[in-house]
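Okay, so here's the structure we're looking at.
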Amino acid sequence: MAMVCLSDFESYAKKYLPKIAWDYFAAGADDCTTRDENILAYKRIRFRPRMLQDVSVMDIRIKILGTEISFPVGIAPTGFHQLAWPDGEKSTARAARAMNTCYIASTYSTCTLEEISAAAPGGLRWFQLYIHRNRAASQQLVQWAEALGFQALVLTADLPYTGKRRDDVRNGFRLPPHMKVKNLEQAFEYGLPPNSLDPSVTWNDIYWLRSLTRLPIVIKGILTREDAELAVRHGVQGIIVSNHGGRQLDEGPATIDALVEVVEAVRDRVEVYVDGGIRKGSDVLKALALGAKCVFIGRPALWGLAYKGEEGLQDVLRILQDEFRLSMALAG
Amino acid sequence: MAMVCLSDFESYAKKYLPKIAWDYFAAGADDCTTRDENILAYKRIRFRPRMLQDVSVMDIRIKILGTEISFPVGIAPTGFHQLAWPDGEKSTARAARAMNTCYIASTYSTCTLEEISAAAPGGLRWFQLYIHRNRAASQQLVQWAEALGFQALVLTADLPYTGKRRDDVRNGFRLPPHMKVKNLEQAFEYGLPPNSLDPSVTWNDIYWLRSLTRLPIVIKGILTREDAELAVRHGVQGIIVSNHGGRQLDEGPATIDALVEVVEAVRDRVEVYVDGGIRKGSDVLKALALGAKCVFIGRPALWGLAYKGEEGLQDVLRILQDEFRLSMALAG
Amino acid sequence: MAMVCLSDFESYAKKYLPKIAWDYFAAGADDCTTRDENILAYKRIRFRPRMLQDVSVMDIRIKILGTEISFPVGIAPTGFHQLAWPDGEKSTARAARAMNTCYIASTYSTCTLEEISAAAPGGLRWFQLYIHRNRAASQQLVQWAEALGFQALVLTADLPYTGKRRDDVRNGFRLPPHMKVKNLEQAFEYGLPPNSLDPSVTWNDIYWLRSLTRLPIVIKGILTREDAELAVRHGVQGIIVSNHGGRQLDEGPATIDALVEVVEAVRDRVEVYVDGGIRKGSDVLKALALGAKCVFIGRPALWGLAYKGEEGLQDVLRILQDEFRLSMALAG
Amino acid sequence: MAMVCLSDFESYAKKYLPKIAWDYFAAGADDCTTRDENILAYKRIRFRPRMLQDVSVMDIRIKILGTEISFPVGIAPTGFHQLAWPDGEKSTARAARAMNTCYIASTYSTCTLEEISAAAPGGLRWFQLYIHRNRAASQQLVQWAEALGFQALVLTADLPYTGKRRDDVRNGFRLPPHMKVKNLEQAFEYGLPPNSLDPSVTWNDIYWLRSLTRLPIVIKGILTREDAELAVRHGVQGIIVSNHGGRQLDEGPATIDALVEVVEAVRDRVEVYVDGGIRKGSDVLKALALGAKCVFIGRPALWGLAYKGEEGLQDVLRILQDEFRLSMALAG
C-alpha cells in the first residue's frame, strides 16, 4: 500500500493498532461533533487562487518564538506515544529533529524528559504542562524541562477535568502495565492519582508559573477573543488555538473558525498557532492565510509513529511539507 | 454492555421492549420531523468555552416554583409507564425522589395518583392535566392531586386531538388488558371513551382551572412569543416550552429554538422550562444558557425505566447530572 | 398492509404497477431535481403553532371559481389513467364526485370526455387543454368540454415541447395497444403525431381561447411574478402554480416557493392554486397559509387509482382531508 | 444500453476503460472537492422559467473570436486521447468538425498537430500551450500551430506544477510504451523530462507569447476578478474560467461560481468562456445566462471517445445540443 496522503496513515493505524490504543487516540468527547468539525471547517474554506506568479522559488521556513523551523508544521502534545510505537516519544523527538521542526512533549509522555532530550540532542522542543493539585510536582517538571533545554512551556488551559470520551469509558482505558507516565512517576511516588489535576487554576496562576521559569509561556486551549485578550494581558508569549482535538468540551467551535477571532483580538502582540483538523498541506496554507504563525498536528503524528516509528512520522511530515509547498505554488 | 450515555439506554429499550411499546414511546407525528429536529437543533448550537475559571466547586442546585431540586433536570409527563416497567409510575416516583428532583405525573398514568404518592412520600411532584369534555372528571383529578400533595398543575395545551403517529395506527396501539389508565378509570365508569378530551378549551379555561385550586398552574406546549404573552396574562406561574416530543403537530419549531423567543417574551415574569431533545448534559447547559430555569426529560426517562426500573432511571439522571457538571466546568 | 399515509400508496403502486407505467408516472425531467424539490421545499417550511384555540368545530369547505368543494384538495390533470386502473379516468371522476371535490381532466385521458362525464354526472370538473398545431382540434376539444358541462378550461403553459424524462426514453415509453388517447383519436384521424403541440403559442393565444368559449380560463404552469402579472393582464380567472410535477424544465423553483411570489404579484385579482409535492395534510395547510386557494394532487391520485380504483383514490383524498383537519386543529 | 444522457457515457467509460486510464481522466486533486463542486455548483443555480414565449424557432449558433460554431459547446483541452480511443485526437478533431464546433487541442496530445490537422481539414481548432523551461520548444509549438491553421492559442495558467492526484500516484500513472506525447517528442529529443514546465512564468510572458504569433491569445485557468483584470490589461483576447477540472488546487471555487465575478470584472472587453462541471444542456444555458460566451467540455468528451471514438463524441455533443435547445425552449 502506497502512503500517499495522511488518511493512508490513518487507515493503517486503525488496522494495526490495538483497539484500545486506536480508540484512545481517535476519541472525541461525547458525540465527537467537535472532533469532526475541526476537519469539516477546513473544507468549508475556499481559496481564491491567483495565476501567473513566479513560484519557481519558495521559502517556507518560519520562526516561532525566535527559532527557525523548516516549515510551519510542528508536533502537538499528545500522550502515551508508546501506545503507538515501542520507542514512544524518543522516536517522536528524533523525527522532529530530522525534519527540523518543533516537538511539544506532553506531560503524559511514556518516556522521561531526559530520555526525550537524550534521544535527539539539539532538537527544538517545548514542554506541555498540566498544573497538578500537587503544585510542587508541577514546579519540579517546569524546572526540569528548563534545565533540559526545552525552549518554551505550553500550559494546557482546557482540562480542569478530563472530557467524557465514551469509548475510553467502555474500554476501561488504562495504560498497559509495562508503560508508565514516567514524568509523573517520579513526582507521585505511588502512581498517578485520579483527579490529580487542579480544577481551581485561574489566570493568576500564569503569574505563579512565570515566577518559576524564564522560559516563554504559551497557552494552549484558547477559543474566544475574550480569552485571547486575557492571555495577552497575563503576559504569555504565544497562544495555541485548540480544542484538545475535540476531546474536552464537545460542540464548541472548530479551531480554524476560532482562529479568526483570536488573531483579530491579538493584533500581533503575541504569536498565534492552531492545532486540530490538519489533514492536508492546503489546510496548513489556510491556517497561515487566516493568521496562524504555525500549525501543530496531533493524531496524524501518532498515525505516522504507528506506521513506522520515527521514519513513519517523518513520512507524514514530509507529505505535509510537499503538499504545503505545492498548495502555495498553485494558489499563487 | 456498559451504560455510558443516554443512547445506550435507548438501544437497550429498543432491543428489549415489546415492539408496540417501543413504537408508542418513540413515535412522532407524521414524518417525525419535529421529533428529530428537537435533537438536531441542540447540535446546531455552539458553545464559546472560556478557560482558566476556578471550577473546583460548582453548585448545580436550583429552585423551581420555590422548591429546591438537586440539579436542573426533571421528569416530563409521559403516559403508560407500566409499558416500560412493571411497577410503572411508582418506580418513576421513587427514582425522582432518590435523585431529589421533580416528577410530573401524567393524567395517563397506569398507577393512581395515590399509588404514586404512596410509593415515594415527600418527593416533589407536579400533576399534568388534560381537560376532558367531562369537566367534572377533570375537576376531580385536580382536587385529588392537590389533596395528595402534588405541588403544581401542568396544563397540556397542545392536544385538542391526538397527533397522527403512523406506527401506532399500523400497530393498532392500545394498552394490554392488564393495564389501565387508572386515574380515569374512576372518573369514567365504563372506561376511557375516544375523543374524551375537550377541543373547545381556550385561554379562558385557565380562569376556570384557577377557580378549582390554589396550586400554581404551569402551561405546557407553548412555542411562540404570542402564546407566551397570553400565558403570562392569564396568570400562569410557569411555561413549559414543548412540542409534545414531536408527537402532535409535525414541522413546528424545535423546542430549544422556540425557547429563545418565549424567554424573550416572558421577561422573567414567570419561570420558563423546556422539554424535548435533551440527550446529553451539555444540552441541559445550552437550555439554561438560553434562559430555561430547568429542563424535563421524556423518552430518556422511559428508557431508564425499561432498563432497570427506578434504578435504571436513576442511572439516566445521574449520567445527565455528571455530564451537566462536566460541561459546566469545561465551558468555564 | 395498512394504508396510513400517502407514501403507503406510493409503495403499493411502485410494487404492483408495471415498471413502464410506474416509471412514466414517477418520471421527472433530467436529474429529477425539481420533482424532488417540490417535496423538500414543503419540509423546509415551519409552522408557528398556536394553542388553546377552540377547534371543536372547523369548516374546511371552500369555493373555487364560485363552486363549493368539501375541502381544498382537487385532482390535478395527469394523463393515461388506464395505466393505473382499468376504468381509468371514469374511476377518477367517480372518486372526485364522491368526495365532492374538483377533477381536472387531462387532454391526454384514456377515456373520452363523454365517458368521463357520463361516469359521474353532476361532478365538478375542469378540462385541461394543450394547444395543438392543428388549432381546429383544440377548438373542437374546448367546445366539446363546454358542452359536456366542464366548468373551466385549464391551459397548460409549460409544455411547448415535452421535457426529457430519461426513464421514459430508456423504456421507449408508449401506451399499450389497447389504450388510446381517446380525445385526440377523433381529432387526429390517424393517431397522435409527434410534435403535435404548438411551440409558438404566446400570451395572445389566450385571447384566441377566450373567443372560443364562455368558460373561465385557468392558466397552469406559472412560476414567476412576471408571468403571474401577464396572466392577470390577459384576463385569466385563475392560476395554477405548477412545474408539471418536475417533468418539464429541471432545476426551476419548487412550486410552494414560487407560490409566494405569485400570490404577492396577483394581489387577489384572480384565484391562485398550486400543485406538486403535496404528500400530507399539513402540506395543504402550508399552501393555504401561503396564499393558495386550493391545491391539486397529481401522483398521489394515481397511486390511489393503482391501489383500488375509485375506492383507492377516495382513500387518498380522505386521508388528506383528515390530516388537513387535524393539522388545522393542532396549529390553532 | 441506451445512451440517454452524459452520465450513461460516464458509466460506460468507467466500465470499459483500463483502470489506470479511467483514474487518470477522473482524477481530481487531493480530496477531489473542487472536481465535485464544479458539478454541485450548477445544481444550486435555479432557473426562473417564463411561459408562453414563441419557441418554435431558436437559433443557437454563436461566434467565438469571430468564427461561427453550431452551438455554444466546444471541446476543452485534455491530454492523451489515445488512452480513450486508438485514433486519439484525430477522432476528436473529426467529431468536432462534424458537429461544427471548436476543438482545443492539448500540448499533451498523443497525435501530432499535423496529424490532428490532417484528420479534419477545415475544422475550427485552437491550440493549448504550456510554457516549458525550454522556451525554444514552446516557441516552436506556437509557430507550428499557427502554420497549421490553428486559430487561437490557449495559454494554461494554472499548472506551474502538476496537482496531486492521489490515484495517479498510487497507480504510478504513465503512458503505455506505445503512446507518445508526440508534439513534445520532437522538441525534447530524449523524451519529456519531469518538471519540464516553467514555474517562473508571469503575466509578462504574455508579451513574449504575443511576440511569437499573430494568433489571438486566450488565457485558461482564471478564477478571480483580479486575475481577470490583469488578463485584460495584458491584452488577451479571451478568458477561459477554469480550475483544470479540479485537478490542480483543491478547494478553490467552482468554475460556474467564479464565472460571475470574472464576467463582471471583464465588462465585455474580451470573450469569457468556462469549463468544468457541464453535464447537461441546462448547465450550458446556465453558464450562458451568467455571461459565458461558450462552454467547453473535458471529461464528457473523453467518455464519448471511449464509447465509440468520433461517433461517440458526436453522440455526446448531439445530446448536449438537444438538451440545450430543449432547456432554452422550456425556460422561455
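As written, the chains take the letters A, B, C and D, and residue 1 is the first residue of each chain.
Definition applied: a residue touches a chain if its C-beta (ideal position, glycine included) is under 8 Å from a C-beta of that chain, and two chains touch if they have at least 3 such contacts.
Since we're looking at a predicted model, the values are computed, not measured.
Chemist: Out of curiosity, which chains are bumping into both chain A and chain B?
Modeler: Chains touching both chain A and chain B: none.
Chemist: What is the chain whose Cα centre is as far as it gets from that of chain D?
Modeler: B
Chemist: Can we say the copies chain B and chain C touch using the same residue numbers, with more than half in common, or are the two sides different?
Modeler: Different; most numbers are used by only one of chain B and chain C.
Chemist: How far is the middle of chain A from the middle of chain C, if each middle is the mean of its Cα atoms, in Å?
Modeler: 62
Chemist: Could you grab the centroid distance between chain A and chain D? Build each centroid from C-alpha atoms only and quote it in angstrom.
Modeler: A distance of 44 Å separates the two centres.
Chemist: Hey, what residues on chain C touch two or more of the other chains?
Modeler: Expected reply: no residues.
Chemist: Make each chain a node and each touching pair an edge, then name the shape: line, ring, star, complete, other.
Modeler: Contact map by chain: ring.
Chemist: According to the definition of touch, which chains form touching pairs?
Modeler: Touching chain pairs, listed by label, are A-B, A-D, B-C, C-D.
Chemist: Contact residues on chain B for chain A in the complex?
Modeler: 2, 4-5, 43, 45-56, 280, 282, 323, 326-327, 329-331
Chemist: Within the complex, which stretch of chain D touches chain A?
Modeler: These residues of chain D touch chain A: 30-31, 33, 157-158, 160-161, 163-164, 166, 169-170, 198-203, 205, 219, 221-224, 226-227, 230, 243, 248-253.
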